[in-house]
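In what follows, a single structure is set out as structure tokens and then discussed.
We call the chains A, B, C, D and E, going by the order they appear; numbering starts again at 1 in every chain.
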Amino acid sequence: MNDIWSGIEAAFWLVITLDADLVDITLRSLQVSLTALIIASAIALPFGTWLAIRRFRFRRAVIATLNALMGLPPVVVGLIVYLLLSRSGPFGVLGLLFTPTAMIIAQVIIITPLIASITHQAMRELWAEYHDLLISLNTSKSQRIATLIWDGRRTLLTAALAGFGRAIGEVGAIMIVGGNIDNATRVLTTAIALETGKGDFALALGLGFVLIALALLVNFAIHALSRTEREGRW
Amino acid sequence: MNDIWSGIEAAFWLVITLDADLVDITLRSLQVSLTALIIASAIALPFGTWLAIRRFRFRRAVIATLNALMGLPPVVVGLIVYLLLSRSGPFGVLGLLFTPTAMIIAQVIIITPLIASITHQAMRELWAEYHDLLISLNTSKSQRIATLIWDGRRTLLTAALAGFGRAIGEVGAIMIVGGNIDNATRVLTTAIALETGKGDFALALGLGFVLIALALLVNFAIHALSRTEREGRW
Amino acid sequence: MSMAVSLHDVAVRRRGKSILGPITTDMAGTGFTIILGPNGSGKTTFLKVLHGVERISDGALEWSIPETEARQAQAYVFQSPIMLRRSVAANLAYPLQLEKLGKPAIAKRVSEWAQRIGLSDALDRPATRLSGGEKQKLAIGRALIRQPKVLFLDEPCANLDGRATREIEALLLDANQRGTRIIMSTHNLGQAKRLATDVLFLLNGRIHERGDADVFFAKPSGEESAAFLKGDIVE
Amino acid sequence: MSMAVSLHDVAVRRRGKSILGPITTDMAGTGFTIILGPNGSGKTTFLKVLHGVERISDGALEWSIPETEARQAQAYVFQSPIMLRRSVAANLAYPLQLEKLGKPAIAKRVSEWAQRIGLSDALDRPATRLSGGEKQKLAIGRALIRQPKVLFLDEPCANLDGRATREIEALLLDANQRGTRIIMSTHNLGQAKRLATDVLFLLNGRIHERGDADVFFAKPSGEESAAFLKGDIVE
Amino acid sequence: GTGQALRLGQAGDVDAILVHSKSAEEAFIADGYGPYRREIMYNDFVFIGPQDDPAGVSKSGNAIDVLTRIFSASSRFVSRGDESGTHQKELALWADADLDPNEFGRWYNAVGAGMGASLNTASGLNAYIMSDRASWLNFGNKGALSLLYSGDPVLFNQYAYLPVSSTRHAHVNVDASEALEAWMTSAAAQKLIDGYTINGETLFIFNAKPD
């Protein structure tokens, strides 16, 4: 318990003194996770919606696979991305390994199935409601997807936030492809893992609380923003 | 790329020969993650549903917090559970550290917010549909929750599967509280991390593919089961 | 035991717009009240306020008996029927299950009422797949199955054919005779005349006229109600 | 250009149960066809099949013009109105946006039609919060705003008051005179008589009788249709 | 660990590596992944264990004796179990003591983790563990553990610098790698390495031979 207290204390001092290193890795955490979130959402929201509106032979199999991919172990994703980006791998010439870009790639792979699954589930209800009308109005596939995403944007918030949460707290994959290099690819989670390894639990916890505070901040900000839309359900 | 191939080959041989160690850690993975899933669902499904039907002052704040908790970094959860269960911690006398129970506790903490968030989002729609009727029939709070969970069970599948996915692929927390002890607390993900650390990427990938196959299997099984219910939307 | 309700300056506002009230009135006795009024005049809102499912912004509403008892003794048929995502039988059984009735008793009542509303053949079908009229019949059956003391109906026959309408009307009159207080809105003036003991005419969220059915239909006192009865423009 | 559709042995089965057909018939001309039939007789299913939103299990349906053109020229008003989770104005604008009309043109048409359906005051309100009748009016306006060649309506006036019913009827007759083919189901026999040029009577998923309105209402040839017109029991 | 670092070097993802496992390093060179290895510095392994020392490790004469005492007392022992340099050293010592960890009972915990994580586990289990001195001194979660034995010359731990072969990986930044090597073997580096202390203890001893 004492450790937890000293963790809170450490977090307090880290934030109060605006520790330069802390600011640096926090900003990098945010940058990596938000970029990954934007890219993953751009893929997963339309894809999940498309899955909700399309009937085809292997639909159930695709959905089951997508759900299974939510369980992609980050370490394995990290390994595969590492092997692909490694000098001796197919994309080695790009020199992306141990850069934030590599971390973003790994996170996109991890969170896309999660966002797509939740999106699919949320959009099924809305599609059941809109189905007859949108078919009747002779809409194109892309018009249907756009309409559903727009009218269901509030329910899609959970999907995006789940993806963000998974990204910001993830460590296994980005440790492998980012390498936790000081001043280059160190983010909050890899720093926490480092301090844990050192047995410096107070600092590790301190960083952890900063991370949690960050997640809270982002969530409250997004909720506040979506609240500025008029109240109530449409 | 060669590594990926040899990973697939390794997975193939591991499965074909029914490697005793592999069977052991695979079963332990399943046991830990499924137990965590059941406990977390027992908490999160009613709680998420309750959040959907209850209006109270700090509802939005609770929801934003819940969403933020989806981003709980596993390493921090692992640390806190470690500190609580360690000999000098408040629950030290129970001697739970470095046992599967400790791993289950950590996973429950990690996946409960995720399941509760997705549940809340899914149940909001159903509640909007049922609201007037259930109020009119003068149902009690718990009757409302039970009705929503039962009638929405198909949409809650995604919530549970997301939780399972997160649990089965998680490594950061269970490494700390389980200790990856051979024959005692080693599971698939910690074994993968170990092989990665050893630089035996083929074996690591092989185990990873086994893990992914396991996740696929569980998902297909659940989908097949839920399909035996009569087809179509209710 | 009869239940009465009194409203005092009840008002409902949404998004700054007044959609009902202020209304001060009493509803007592065991009659069959028909609520009339043009689209958007507040009939649904008024019924929901009486039933307690619509939050009131102002004023007070009081039942003559304790609130929990009052709520337990009411049932409501919504304008667009709300179907549980279950079979027809499970929809009928649901209100009884809430009261923890035994399984055999439930099965008996369910088959009895399925008969009365003409859905005996549909018991195993998912309620959400019923036709518009079948849904309305099911909603009416589900409301009557608990034998409520007070029954609210919001245009319950809008999607019913001639025969079903007459059968439902018979059911309602029967229930009314056995002591169920009925408050119902409808746009079908013929139906209103067949059923009403008294009429309440709503306009722009207020009670514009109220009176015995005979008097109201024969000689409405307001210009607007007269015009409405003639199907004329009511502003 | 007139659009005709021909059905050949069309049948719809769900869960092993036949709910429509087999039906072999033609619908041509520019008339105003009213579909009658008791609850559950298959009116909604038939209309949806014609419109192409209900999957047919057997048989074939063919339009006289290419399918994409045919689909583009139709509109449908569903029995329970489907509201987009947007404002009333956005609901009216939606079909026009799909056709990529310019903003000013859309705004003009929207305010024009809001006027016609009597929802000018409600343009900024969320459509999902409208009263039952207001929703129906909005759905009708949204269907008419694209000036379809063929218009399907499924009990469009079930929740409307007398005045709104007459106004909508006038709108429909007007559209019909300008060449819109209308196919509509209703339980309101008075309305059927006022509007129909021809009538199609459905029973148990089949066409039981079909003919000119004058003839049908004056002297229905089947026993069941005669009973139905008298509001009697139809089995 | 050392294994992962060697893999990174083999793939050409890094320009040079600093590791501590002589046999693996020699294999790395024999396979042509690096031209040579250069010893830089060494530190030593130490035995950590519960302060009350149930196995009596602190009274041992040498490293073999330490392991024998732990074995006889069946005291909880945490092994890295990850084939790292430290783990291989530990296995070599067990072999020297004529003991086979594969036959040990539940007191022997192969945790398969890095030094820090293994130390955390040992601390949680209140168990014996072999650690390198630097990790131990840097370690913050000592709990009831303390350093019980050190000093046997067999426990010395040599770190070597291995540049990655530029014939195998043309993109390797040879200049930077050479500059780093030159600096690491310089007098300036010697001063830094020998002068690096934690709580007054020297961690590493510089032993690079100048060019």
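Operating definition for what follows: a contact is a pair of C-beta atoms (placed from the backbone, for glycine too) under 8 Å apart; a residue touches a chain by one contact, two chains touch by 3 or more.
Just so it is clear, the structure is predicted and the values come from calculations on it, not from any experiment.
Engineer: Identify the chains adjacent to both chain B and chain D in the sense defined at the top.
Structural biologist: A, C
Engineer: Counting C-beta pairs in contact, which comes out ahead: B-C or B-E?
Structural biologist: B-E
Engineer: Suppose chain centres are the mean of their C-alpha atoms. Which chain sits farthest from chain C?
Structural biologist: E
Engineer: How far is the middle of chain C from the middle of chain E, if each middle is the mean of its Cα atoms, in Å?
Structural biologist: Whole-Å distance between the two chain centres: 82.
Engineer: Find the geometric centre of each of chain A and chain C from their Cα atoms only, then give the gap between the two centres in Å, rounded to an integer.
Structural biologist: 49
Engineer: So which stretches of chain C touch two or more other chains?
Structural biologist: Counting only residues that touch two or more other chains, chain C contributes 129.
Engineer: At which residue positions does chain E touch at least two other chains?
Structural biologist: If we look for residues of chain E contacting two or more partner chains, we find 114, 117, 120, 123.
Engineer: On chain B, where are the residues touching two or more other chains?
Structural biologist: 176, 193, 196, 201, 233
Engineer: Can you tell me which positions in chain B touch chain C when the two form their complex?
Structural biologist: 129-130, 132-133, 135-139, 143, 147, 151, 232-234
Engineer: Would you mind writing out the residues of chain E in touch with chain A in their complex?
Structural biologist: 11-13, 114-117, 119-120, 123, 138-142, 169, 171
Engineer: Along chain C, where are the residues that touch chain B in the complex?
Structural biologist: My answer: residues 48, 51-53, 71-72, 74-76, 78, 82, 84-86, 94-95, 98, 126-129.
Engineer: Note which residues of chain A are touching chain E in the complex, please.
Structural biologist: Residue list for chain A touching chain E: 86-89, 92, 97-98, 196-203.
Engineer: Can you tell me which positions in chain B touch chain E when the two form their complex?
Structural biologist: Answer in residue numbers: 82, 86-88, 97-98, 175-176, 179-182, 184, 186, 190-191, 193-194, 196-201.
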